[in-house]
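Structures for review follow.
The following pair of complexes shares a single chain, chain A, combined with chain B in the former and chain C in the latter.
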Partner chain A sequence: MRRAALLLALVVLLAACGGALATDELQGVVVDPPQPKPSFTLTDTSGDPYDFALATEGKAALLYFGYLNCPDICPVHLAQIAEVFDQVPDVARNTEVVFVSVDPQRDTPDAIREYLDKFDSSFVGLTGTLEELKAAQEAAGVPLAQYVGDGEDYTVDHAGWVIAFAPDGLNHAIYPFGVRQSAWLNDLQIIATQ
Partner chain B sequence: MISFWCTALTRPWTWEWIAYPGIWLATILPIVAYLVSVRRYPAKVDWGKAAQFIGGWLVFWAASDWPLGTLGAGYMASAHMAQFLLYTLLAAPLILLGTPEWMANRITKRLRIRNAVVWLGNSLVGSALLYNVILLATHAPGSVQALRTSQFGSFFMDAAWMIAGFILWMPIVAPIKEARTRSAAARMIYLFVAASIVSVIPASFLTFTNIPIYGIYELAPRVTSFTAVEDQQLAGIIMKIATIPIIWSTIAVIWFRWTAQEVRTA
Partner chain C sequence: MKKPTLILLVALVAASCGNGSAGVELSDARVSEPAGPNAAMYFKATSDEGDRLLSASTEEAAAVELHETQMTDGVMSMTSVDSLEVPAGGELVLEPGGFHLMLIDAEPFAEGSEIEVTLVWENAGEQTYSVEVVAPGDTMEHDH
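Our next item is the complex of A and B:
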């Protein structure tokens, strides 16, 4: 009987251990030494030029290269960030999420805007010519997007991680696919104060 | 697409039908075996019981197959919870109610589990503990992550839930008379404690935690406009509220039968 009660207590305890606990340390993949913010200019969804370094100066920024037809990684990354933003509105106000579409052939500015609005209307969407996008990816130090397949249904192999810049202008950590909201919640609050 | 059993998929949800022959087999085989057995048995077929038995397996099928099974395996915590409740609160008791005593005796003797079944049906503490251990163990984030990502693991989890349902209802509606708890008061208290008390713990975690507990659902492409946390809260609410009508209506039935019997005796 006592054994059964202990077993039940143990199971309750295990059941309670859900996500990671909050810490003072970054739970993303730490970049050591921190890297400087890249400099590139693309076009936002209003058609205006967007200088990434200038527009995000003094703020935290999350930079991500993706595309609208991405079946899994892109929408989950954006949903995760948007859902965490709902919990920390102060951090969200001072953090710029910049989504760079690496599929200029299909992703028009209007389509990018409509897509991002499904997650958070404050997210910035950028596009450009293939040459401009190549320059932006090289500046950010991510692998260049590769276009796989023919016709309209091609897919795009792209960097699947979010690059986080603190207000100090440095990239302190990156966030590959699979990062939990508990980690985002922890890290966004740390990054916002660095 | 065809797959033996539901498992978490790493692609966005679509309404494209998926065939799960393993689930069809698991539903059809017991029904066919039941119908063949009752037709061969010398006594008259009780079609009311047969309807309960078949109904129970149809609930099992609806909870396991596409779309609910697919959603519960890898997309939505709320679907996962709906599956659990369908298995344990509807499918399992219906199957027990629909099983004739001679058939239950034959099956339990052949599987050499008759003594265990009789013990479970009479040991209310044992049944309540075992049911709740399975409930908590199969809802722990680590278990969900480990089991739902493979077809075998997913099958194991569904089977564990069905077994949990049989254990929960054994003292109330066991087909073997000796396995049924006689005292109506004990049955009512048992049902309330076993099915309503411990489940409040995971239900509360799900409802009141502001971060998603289950990575498998958190990192799945969203199916509805619900966020991962909202979906999880819905799962918690389903767990808390959906048990109420079934548990309390059963308690009411036991109560009224008990009082009617007392009146007759008096």
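Our next item is the complex of A and C:
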């Protein structure tokens, strides 16, 4: 009996060590085959250049394009991820959350920093010129943000999903709006710790 | 035969008035602590006779707009709507990813406090509600 249990444990361990991400257990929208990490450089909230591929090398990364005036779904994504960070320190240690503001006209680096600090001060905030942001969105394969309306009260149509990269440098899943907290908790642990 | 019908009608009208003129029941009202310049407010509303939300205001923001978030192939867009309908005997639901009240240039009210928001209904008229402030983004109904 004990031997069988030991054997089972060994099999489970071997399977886990197999290296492949257990994508069949992910509850997000699985990307099959996994896609390579995009390469782009923007500016972080301290004013320093941030090379996305280089800065997140060997870590899990969650990439999201949004804007500060959006009060509805952007904060929900960030709050859900921050809640997992609070619950599982291992995930927080091994995961870089990168929020790209696609509203450079209104979102100053200081405002982005203040915004992200409301969720988790480890979250990285990026900005750039419209050209640089366009290049980043194209590299990441998201539809380009559209600026709708005129005057100060324009809105920004933007991709509503979070792109998740594992430490292997590949995008294994995306997270559209409406993902349950339990799915975030499950998936971020798989993605960050394998 | 005509007279009793009229009396019955009058009685019915009187009864419905006696039920409190509000007519609209609000539940799960919550507003997010603003992370950026704006905040979003959500609630559920029911009404036996049906009603329509025409506008909203609060001292805690420069303006309040009625908004709808729409997802088209995963792309999120936000548009304003003229009014929000509570169907008779049904429910109007404001929630992240759907309808919300957008508090523009919101004051930095904090999680745990309450703010007063006035809603103007077509039938129920002007009603002021005390609304709980929740953490930024903590506006979804929890699944645990």
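FYI, the second predicted complex is superposed on the first by the 168 of 194 C-alpha atoms of A that agree within 3 Å, B and C clash if a C-alpha of one lies under 4 Å from a C-alpha of the other, contacts with A are read in each partner's own complex, and residues count from 1 in each chain.
Please note the rule applied: a contact is a pair of C-beta atoms (placed from the backbone, for glycine too) under 8 Å apart; a residue touches a chain by one contact, two chains touch by 3 or more.
Bear in mind that the values here come from a model prediction, so they are computed numbers and not experimental data.
K.L.:
Could you tell me if A:68 is touching chain B, chain C, both of them or neither one (first, second, both, neither)?
P.N.:
In the superposed model, A:68 contacts chain C only, not chain B.
K.L.:
In the overlaid three-chain picture, which partner chain does A:87 touch, first (chain B) or second (chain C), both, or neither?
P.N.:
After superposition on chain A, A:87 lies in contact with chain B alone.
K.L.:
Looking at the overlay, does A:111 come into contact with chain B only (first), chain C only (second), both, or neither?
P.N.:
Only chain C; A:111 stays clear of chain B.
K.L.:
Give one of first, second, both or neither to describe whether A:181 is in contact with chain B, with chain C, with both, or with none.
P.N.:
A:181 contacts both chain B and chain C.
K.L.:
Which partner chains sit in contact with A:148 here, chain B, chain C, both or neither? Use first/second/both/neither.
P.N.:
Second partner only.
K.L.:
Have a look at where A:158 lands relative to chain B and chain C in the superposition and call it first, second, both or neither.
P.N.:
Only chain C; A:158 stays clear of chain B.
K.L.:
Can you give me the overlap between the chain B contact set and the chain C contact set on chain A?
P.N.:
Touching chain B and chain C on chain A: residues 71-72, 75-76, 79-80, 177-178, 180-182.
K.L.:
Would you mind writing out the residues of chain A in touch with chain C in their complex?
P.N.:
Counting only chain A, the residues touching chain C are 68-73, 75-80, 82, 111, 115, 118-119, 143, 146, 148, 153, 155, 157-161, 176-178, 180-182.
K.L.:
Can you tell me which positions in chain B touch chain A when the two form their complex?
P.N.:
10-12, 125-126, 129, 132-133, 136-137, 139-142, 198, 201-202, 205, 209-215, 218-222, 227-229
K.L.:
Which residues, counting only chain C, touch chain A once they are in their complex?
P.N.:
32-40, 67, 69, 71, 73-79, 96-97, 100, 102-104, 135-140, 142-144
K.L.:
Going by the contact rule at the top, pick out the chain A residues touching chain B in the complex.
P.N.:
1, 4-5, 7-8, 11-12, 14-19, 71-72, 75-76, 79-80, 83, 86-87, 177-178, 180-182, 185
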